[in-house]
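First chain written, first letter: the chains are A, B, C, D, E and F, and each begins at residue 1.
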């Protein structure tokens, strides 16, 4: 059977701040600039989750996209949407919420909830100009 | 001479929270739902400022868009980008930062810095799905 | 108080066919071309509903956008999404589903469910290149 | 009958240069900056033409959008696409091709070819950030 | 010579219905939900076809994109645009038109008409949120 | 450490003309069609540069995106924006500015200015419908 990938795009809004608490304020200001702003700032994130596998001959689906949507919603969206990525998210405790670190953390959450080997790519648009992508390597 | 309108689109990121401090927590939770989340959330805002007038026969411009861009940057973007709309912005003190209230406040800031009668419309996309617009009425 | 407009954007998919049953097949083929294709075709429609009014000083809202979203969902989306605009929609019975006719019909449905005078514009994107708009005139 | 507006979006690519030949090089450089670059630069323009009228009860159309598309293609696109707006376009002779001047010139060309009173708005996106609009005033 | 990939994006509209005729109505309703709606629904599909090879030193092209466009139009667009994917398309007979199955079927049609080894990826956006991709594996 | 990729999207405008000076005018007209138009035409290009590596545990960044932005701006944007790709760009001398050739040339410029092994992909959208991509192969 041919192997196909399918992507589901979802959206969430969150506040964050780039700040490494083990470093000085001067270091943080220098490294992160405006992204270190103390009273938070935020984004409309676009999250794309890609799975890859053989379509089931009965359904034509790799996986029901409504089921994939439920996994993404329960594992990620409900825990981050309209919240603060530095303060409010269990699975991001101790993680500096750069786009790079977020795609790795999201991959790990999603991998736990999906059939083994199905997850193929997690892609996150922080802004129209900045995009990070992780494929599990 | 014909009258034309010109729009400049700019982008900023900010944190905010919908909260009326003169009301109870229960009222705020009920009215604003997730938008009342205490640790802030945020957006990539898209701001469109429209001016309207007769093109100058020498330049073909109503106004140099670089000058308009400077006004928008100095009056709005520098004061809100990567900041907190509830805490960090002088001209939003006491304003609940709903998209409606933001377009009115932005109009007032821009009007002060533009030649009389030039400003025509302020439009703000909070998310892809929510847009507010003010024309000075 | 200043008067502001707010737009809510929603999405639906539907099948349709441009066909006037009171005319001959030849007339229909000539007028509508491929849009008259007998086995239906369809679109991802983008629907933008704009309301206009004074923001409530307590909430900063003209109307809670979640309430507006509920009206749009109940009056329009639930009746057209993943359905056939020629066959499945009560309020479109006898209406040729051109984009022009759809915005008029949607306006009439929405007007019944919204506070008097609030509805300001109904805009429908049939495809990226074709857009119709009705303001109640 | 209700009055509706319909917009057709089209695309073209062109080279141009902002330059007023009756002024000095220094004036041009100061007013237009990089847009005065002598070897031309160019854009993917997005052109939106809006007509407004009552839908014909037989067709559901204000005007067949394929006919509108033909007018736009013959009157504008064929004369500007993959060409130079300063050198190659008859109806732009002597016009500084600012976005403002282009919408006025396009309106005049389209008005000649459309039924009286139908043309409602010409909107041109020069880049994602700069948009001009003319409604015939 | 370096190997480059080039993508051509095209658009079509079609009606479809997710339905497996070898299964019961209850099974179909449960598996496909609203997508099983009997009177069809439809989409504005976005189709991206990617080829990969070495640019010809004389032309700078892997393949003339107008020729690629002709292949895509003749092999796919003309057979599906403004039509019904379940009823009207020869090469989809017996295929449940899920996005997964469509990209496989489109690949097979395109591969027959392109020079051997040139086709690299077929990507189909069913809606803004659902995307399938096939690379021939 | 996990390996992640990050993409920075930038924009520029330029004029160009597809023309091989070692071939006849007839050959050029036949191969390139309207893209061979003698007085130039132009585009709003979208450039996406992707780097790939392990996020630094101190910063959460593969590389500071502001530094990447500086490299892209100095090496590419400042040399091509509002200019003529056939006449004004040192590193494109003798290159036919097809999208394919541009991504190869941009890769070579960027590779010189970035830490070894970091550059992963250069993607260029000439128009909404045409996209080229080079990964260094």
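Basically, a residue touches a chain if its C-beta (ideal position, glycine included) is under 8 Å from a C-beta of that chain, and two chains touch if they have at least 3 such contacts.
Please read all numbers here as calculations on a predicted model, not as lab measurements.
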Touching subunit C and also subunit F, the following chains: D, E
Repeat of interface A-B, chosen from C-D, A-E or C-E - more than half of residue-number contact pairs shared: C-E
Where subunit D and subunit F are represented by their mean Cα positions, the distance between them in whole Å: 29
Mean-CA-position distance for subunit F and subunit B (Å): 34
For subunit B, residues contacting two or more additional chains: 128
Which chain pairs touch, all of them: A-B, A-E, A-F, B-C, B-D, C-D, C-E, D-F, E-F
List of subunit D residues in touch with subunit B within their complex: 18, 20, 23, 31-33, 95-101, 103-104, 128-134, 136-137
Of all residues in subunit E, those that touch subunit F in their complex: 2-10, 55, 58-62, 64-66
Residue ranges of subunit E touching subunit C (in the complex, touch as defined): 11, 13-16, 34-35, 37, 39-44, 81-84, 87-88, 127-128
